[in-house]
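Here chain A shows up in two complexes: once beside chain B, once beside chain C.
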Partner chain A sequence: MALPKVKEDALAARLAVMPEHAGKGWLAGARAEALARLAAMGLPARRDEYWRYTDPAGLISPEVSAAAPFAAGDETPIFDGIDRLNLVFVDGLFDPAQSDDPALAGVEIERLAEAGGKDIHWAQGVYGVLEARGQTPVQRPLAALATAEATDGVLIRVTGRATRPVALHYVHESNTSDAILHHCVKVEAGAALTLLESGPGAARLTKVLEVEVADGAEFHHIRVQGRDHERRAATHIFARLGARSEFRSFTLTANGRMTRNEAVLELTGDEARAHVAGAAVGDGDFHHDDTVFVTHAAEACESRQVFKKVLMNGATGVFQGKILVKPGAQKTDGYQISQSLLLDEDSQFLAKPELEIYADDVKCSHGSTSGAIDETALFYLQSRGVPRTVAQALLVLAFLAESIQEIADETIAEDIRGRLEAWLARHAAKAGR
Partner chain B sequence: MTAILETSQDIREGVDRETIETVQAMAGKYKYGWETEIETEYAPKGISEDIVRLISQKNGEPEWMLDWRLAAYRRWVQMEEPRWAMLNYPEIDYQDQYYYAKPKSMASKPKSLDEVDPKLLATYAKLGIPLKEQMLLAGVEGEAEPRKVAVDAVFDSVSVGTTFKAELAKAGVIFCPISEAIRDYPDLVKQYLGSVVPQSDNFFATLNSAVFSDGSFVYIPKGTRCPMELSTYFRINAENTGQFERTLIIADEGSYVSYLEGCTAPKRDIHQLHAAVVEIVILKDAEVKYSTVQNWYPGDENGVGGIYNFVTKRADCRGDRAKVMWTQVETGSAITWKYPSCILRGDDAQGEFYSIAIANNAQQADTGTKMVHLGKRTKSRIVSKGISAGRAQNTYRGLVSMHPKAKDSRNYTQCDSLLIGDKCGAHTVPYIEVRNNSSRVEHEATTSKVDDDQLFYCRSRGMDEEEAVALVVNGFCKEVLQALPMEFAMEAQSLVAISLEGSVG
Partner chain C sequence: MLEINNLHVKLEDEDKVILRGVDLKIGPGEVHAIMGPNGSGKSTLSYVLSGRDGYEVTAGSATLDGQELLEMEPEARAAAGLFLAFQYPVEIPGVGNMTFLRTAVNAQRKARGEEELSAGDFLKLVREKAKALKIDAEMLKRPVNVGFSGGEKKRNEILQMAMLEPRMCILDETDSGLDVDAMKLVSDGVNALRSAGRSFLVITHYQRLLDHIKPDVVHIMAAGRIVKTGGPELALEVETNGYADILNEVG
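Right, the complex of A and B next:
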C-alpha cells in the first residue's frame, strides 16, 4: 500500500539529513531491509492511534531542536560506585579513549561501526530481527529507522555469568546532536549479564536495544536517562525470552522535554519471567511516554509491568501497555500497573492499559490510577511534626517504591532512591511547596 | 514443551466439559428464532436520496425533517466505515438490503391496539411482551401491587402500538413512536434531536440519521416521576432488512424515568444490519435508568447468520445533579459494536454503566462505555463483566476522560473477563485521560477462568462441584444483575443461566 503523501514527504525529509554510513557485509543487508520496512510504514504521525497521546513531531523532524547539556555540578555520576566495564558514547559515537578495555570473561563485545566487515554470526540472527518481529501487530517506525541508520552501537554476546556489569554511558556535548544508536545483546543458555545505561546521549536520541535471552539465561537492565531539560528521546527495547529465562528492566527518567520509551517483550519459552518497570519524575515542560507490549507465547510465564510517574507544573505522563496472551499460552500470570501522582492542577496523565487474551487458564490483571497526593496522609504526618515538604517527599517516595523494588541490586536501588529524594527536594523548594 | 500449543480439544476438569457442551448446545436454542408470516411492504432495495425521501414521505414528515435526513445522507456517503474495533466481518454491502419494511396491515395506522393485525399481536404475545394493558410481564405475578409497564412495540420499520398512552398522558408524560412525535411535538423534537448524537457523529449514527424509520420518543415533564416503567420492544421480522430505530428521551428538571429495551429477531442464514441511535437528554436533578436486554439472533454455531448490531447510545447530563444509569445484558447478535456513553456536563452529575456481555460460538462483541467528565464533582462508575465461550471474541473498550474543569471528580472502573474454553478471547481496551489532579480515577481489570480458590473454598464447605461453580459464576455477574429493574433481572438471570446451564446445576 502506498504511503500517504504527507508521510512520504516526512520520511524523505528525515532521511535526507542522515549522514553517510557505508554499511558493509551482512550489516548492509540488515540495514537495507530495515529501510524497506520503514519506507512501507512511514514515520509516525500525530493521527496514528499508537501516537494518540504523544506528538511525534519533535522526534521525527529533520532538524533537531537545540538542547543544552545538563551541568551536574559536583554530583557523583550514577553507577560510579559500581565495579563495571564502562563504554562511553559521545553524541552517539563510541569513544574508545574514555572507555574501558572491552575485555570481560564470558563476554564478547564488538563495536557496531566496525561489525559489518566481520563475520559475527550470532549478531546476524539478532540485529534488526527482533525489531522486525516487533513491528506486528503495531508499527514502530522509529525502531526501523534506528536499525537502518544507526551511527553506532555495541554487539554483546554473553556465554558465561559476567562478573561485572557492562555499562553504556551516553555523553551529550553538542547542543544539536542527533544520535541514533542500535545495540544487540545475546545472552546464551545459562549465561547472565547486567547492563547499565546512563546519560542523555544527545540533544535527540533514537535508540534500539535488542536482547535475545536464551533458555535459562538472565538479563538485568537498569537505565537512568539523563537530566538534560530540553533533550528528546525515542528508545526501544526488543527482547525475546527462552524457557526459564529471566528479563528485568528498570528505567528512571527525570527531566527531558520528550521521552518515549517502548518495550516489546516476547516470552517464547515456557516458564520465562519478564519484569519491566519505570519511575518518572517531571516538572514543567516534560512529556514522558511508556509504551509496553508483552506477548505471552508459551506456557506458565510470568510478566510484570510496573510504571509510576510523578508530575508537576503541567507535566504530562503517558502509559500505553498491553498484555497479549496467545492461544495455548496457558498458566500465564500477567500483571500490569500504571499509576500517576499529579502534584498540581496542570499536570495530566493519559493511559491505555490493554489486555488481549486468547487462552482460558490464565491470570491477568491490570490497574491504573491517577490522583493527587493523599491530603489525609499528609495531614497525619504534619500532625506528627513532619514538615509539609518532607511529608510530601515521603509520600511521593512511597508511591514510587513499587517500581524501584523491581531493581534486583539493592545498592543501585538505594542510590536511585537517594537521587529521587534529592530531585524532589530541589523541585519542591523551587515550587515553594 | 514449547511455545504455542496446538489448541486441542482437551477439556480440563469435568466442570468445563459440561459447561462447554451446554454452551455448544445453546446455538440451537435461540428461543425467538421463529418468523411471523405476514405480508410486508418493502421500499426498493438499496440506499439513495430517493430512499431517504421515500422513508420521510411514508412517515408523513415535515420538510425540515426531510432536510435533516438528506444532510445526514450526504454526509454519510463521504464517510468511511470504522474498522478500529476488534471485530472481524466481511464487507457489508449497503446496497444489498432493504431500508424500510412495514407489515401491509399497518398501511393505515391503527387507532388503537384493538385494530392491530391479530398476527402482530400474536407475535408479541409469543415473545412474552404484553401489548394489552393490565397484563403483567411474565415472571412477576404474585406481586401485591401489579406492576405496570408501558410498551412501544416496533416491528421492522414501524411502531405497531404503544400501551398505557392515556394513563401516561394524565401524568403529562409523552410516550409515543418518534414518527408521531415529529408530527405532534415538532418543537421538542427539533430542539433535541441530534443534540446528543449529532448527525455527523459516526458512520453508523449518520446512516441512522438518514434512514431511521421509527423508534420511541419520551418526554417526562418537570418534577414528574414517571408512573410506570416504559419499554420498547424491537422485533426484526422481514428478511434482508436493516432496522434503524431512533430513540429520544428527554427528562426535564427533577423528573425520573426507568426505560427498558428488548430485542429479538428470527433465525436467518444471512446477516442483518441493525444500526440504532439512542439519545437521552437529562436536565437538572433528573434521573434516567436505561436498561437493555439485547438478544438479537446471534447466528448459529458456525457463525452463519445473525444480526450485525452497530449502536450509538449516549446520555447528556446537561443539568446539575443529573443522573444516568445504563445497564445492559448483551447476549445476542453476531457482531456487537456498542458504547453507551455519559456526558457529565452538569456539576455533581452522575453516570453509571453496568454491563454483562456474553459471547458464544462465533459471536464477536466490542462494547463498553465513555464517561466524559466536564462538570465539577461528577462521579462515574463502570462495572463490566465479559464472558467468552466457544470461538467468541469479547472486547471491553472504554474511555474515562476528566477534563481540566472537572475538579474533584471520581471514576471507578472494573472490567472482569471470564473465559470458558481455550479457543475464545477476552480483551480490554480502556482509555484513561486525566487532566486535573483533584479527580481520582481507578481502573481495574482481571481475566481469569472460574477461580480455583473460590471453588475450593465452596467445596470445603460441603458444596458439590456444580453448586460451587454456580455460586462463583453467579457471583461474577451479580453486581450487574442487581442493577437491572426487576422485570429484566428475571429475563437476564435466566439468559445467563441458560448459557452456563449444566455447570450451574
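Right, the complex of A and C next:
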C-alpha cells in the first residue's frame, strides 16, 4: 500500500538530516532492515489511531526545538547513593571519561558502535528483532527510526546475578541536541540485572531499549527522566519474557515539554510476571503520554500496569494501555490502572484503556479515573494543624503511592518519594487556592 | 476560653441561613454540652469554628483566648489550641496513621515555635497514648481511618486529641455509631484529658454520652440559636420528655 504523501515527505525530510552510518557487520544489516520497515510505515501523523491524543510534530520534525539544560543547583543527583556501575552519555554519545570501567562479574557490556562491526554477535537475536515484533498490530515508526539511525547505545548481556545495578546517565548539554539511542539487554536464564536510567539525554531524545528476559531471569528497571522544561522524548521499551521470568519497570517523569513513553511487553513463557508503572508530575506546558501494550501469549502469567499522573496549570496527561490475551493464554492475571489527579480545571487527562481477550479462563481488570484533590481530606488534615500546602503534598504522594510501590528497592523508592515531595513543595505555591 | 457572640452563618452557595445569633461562653476547664434536634445547626457550629469551607459568617465573632478564630486558616486554629473530633472521621487512603499523627504534631509545634519531636520521642508518646485507648500497632500502621470500624474511627479521633493536647476540644456527635463498650472507652479517653486548663464542647443528640462525660453546663439549640441553658438536669429532661416541651416553652 502506498504511503500517504504527507508521511512520505515527513520521513524524507527527517532522514535527510541524518548522518551516514558507514560500516559492515551485523549492525549494518539490522539498520537496513529497520529503514525498510520505516519506509513502509512513514512517520507518525496526528490521524494515526495511537497519535490522536499526542501531536507527534515536535518528535518527528527535522529540526529540534531549542531546549535549555536544567540547572538542578546543589541537589544530589538521583541514584548517587546507590552503589552502581555508571555509564554516561552526553547529548546521545557515550563518554568513556565520565563513565566507570564497564567490568562487572556476570555482565558483559559493549558499546553498540564497537560491537556492531562484528560478523556474528549475540545481539543479532535482539537488536531490532523485538522492535520489529512490536510493530504489529500497532505501528511504532519512531522505534524503527531508533533502530535504523541510533547514534549510540550499549549492549548488555547478563549471565549471572549482577551484584550492582548498571546505570545509564544521560547528560543534556547542547540546546539543540537530537539524540537517538538504542540499547539491548539480554538476561540469560536464571540471571538478574537492575538497570537504572536517568537524565534527559538531549533537547530531543528518541530511544529504544530492547530486553530479552530468559526463563527464570529477572530484570528490574527504574528510570527518572530529566527535569528540563523544554526537552522532548520518545522512548520505547520492548521486552520479551520467558517462563517464570520477572520484568519490572518504573518511570518517574517530572517536567518536560513532551514525553511519549511506550512499553511493549510480550509474555511468551508460562508463569512470567511483567509489571510496568509510572508516576508523572507536570506543571503548565507539559504533555506526557504512556502508551503500553502487554501481550499474554503463555499460561498463568501476571501483568500489572500502574500509571499515575498529577497535572496542574494546563498540563496534559495521556494513557493508552492495552492487554491482549492470546488464545490459549489461560489463567492470565492482568491488571491495569491509570489515574490522574487534576489540581485545577485547566489540566486534562485522556485515557484509552483496552482489553482484548481470546481465552476463557482469565482474570483481567482495568480502571481509569480522573479527579480533583479530596477537599474533605484536605480539611481534615488542616484541622489537625497541617498547613494546606503540606496537606496537599501528603495527599498527592498518597495518590502516587501505588505506582511507587512497584519499585522493589526500598532505598530508591524512598528517594523518589523525597524528590516528589520537593517538587510538590516547589510547585505548591503556584497551585495555591 | 471560647467566646461566641451573636454568630450568624449562612451557606456560601445558597441563601440558607443556619446560625441565627449564637451566644456561648466556655470558661477554662469547663465541659459544655449542646443538644438539639436534627437541623438545629449543631454540626454547622463545629465546622464554622474549625474553619471548614462552604459557610459564610454574616455577623458575630468567635474568639479563643481573645484571638479571633473566624479570620484564621484551619491549621492556624488548630495550632492555637482548637480541636474538632469529627462526627464522620475522614478516610485518607495512602497516608499512614503514624505519618499523619507525626506530621500534625510537628506542624503544630513548629507553628507555635516549639522544637519538633524526634522520631523516637514521638513513637514512645504515641504508643503510650494508643495503649490507653486500646489502639494496637496494626491500627497505627494502617492508612488513616481506612477499614476502621465506627468505634475504631472514634478512638482514633481521641488519640489525635491526646497527641495534640488542644485546649479547646469540640466533640461532634462522638457517640454516633458507638456500642456501649466503645462509648465507655471513648469517654474514658476524654475524661482522662479533662483538666483545669482544657475545655470541652460536647455536641450530642442523646443524654447517654453525658452519663459518661459529665457536663457542667447544658445548652439546647434550635433553629440556629441557643434557646435554653441549664445544668446537667436539662439533659435528663430532654431524655425523658423530648425536645418538644422545651421548644414550646421557649416559643
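The rule is short, and it goes like this: the second predicted complex is superposed on the first by the 426 of 433 C-alpha atoms of A that agree within 3 Å, B and C clash if a C-alpha of one lies under 4 Å from a C-alpha of the other, contacts with A are read in each partner's own complex, and residues count from 1 in each chain.
Basically, a residue touches a chain if its C-beta (ideal position, glycine included) is under 8 Å from a C-beta of that chain, and two chains touch if they have at least 3 such contacts.
All values derive from a computational prediction rather than experimental measurement.
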Clash or fit, chain B versus chain C on superposed chain A: fit
Which superposed partner A:Ala297 touches (first chain B, second chain C, both, neither): first
Contacts of A:Val386 with chain B and chain C, given as first, second, both or neither: second
Which of chain B and chain C A:Thr176 touches, first, second, both or neither: neither
Partner chain(s) touched by A:Leu395 [first = chain B, second = chain C, both, neither]: second
Contact breadth on chain A, by residue count: chain C or chain B: B
Which of chain B and chain C A:Ala377 touches, first, second, both or neither: second
First, second, both or neither for A:Leu355, with chain B first and chain C second: first
Chain B versus chain C as contact partner of A:Gly367, first or second or both or neither: first
First (chain B), second (chain C), both or neither touched by A:Asp344: first
Nearest Cα pair across chain B and chain C, whole Å: 14
Chain A residues within the chain C interface of the complex: 374-377, 379-388, 390-391, 394-395, 397-399, 401-402
In the complex, chain C residues that touch chain A: 50-53, 73-75, 77-79, 83-84, 86, 89-95, 99-100, 103-105, 107-108, 111, 143, 160, 164
Chain B partner contacts - residues on chain A that touch it in the complex: 49, 243, 268-270, 297-299, 326-330, 340, 342-345, 347-372
Chain A partner contacts - residues on chain B that touch it in the complex: 1-7, 12, 84, 86, 404, 407, 417, 419-449
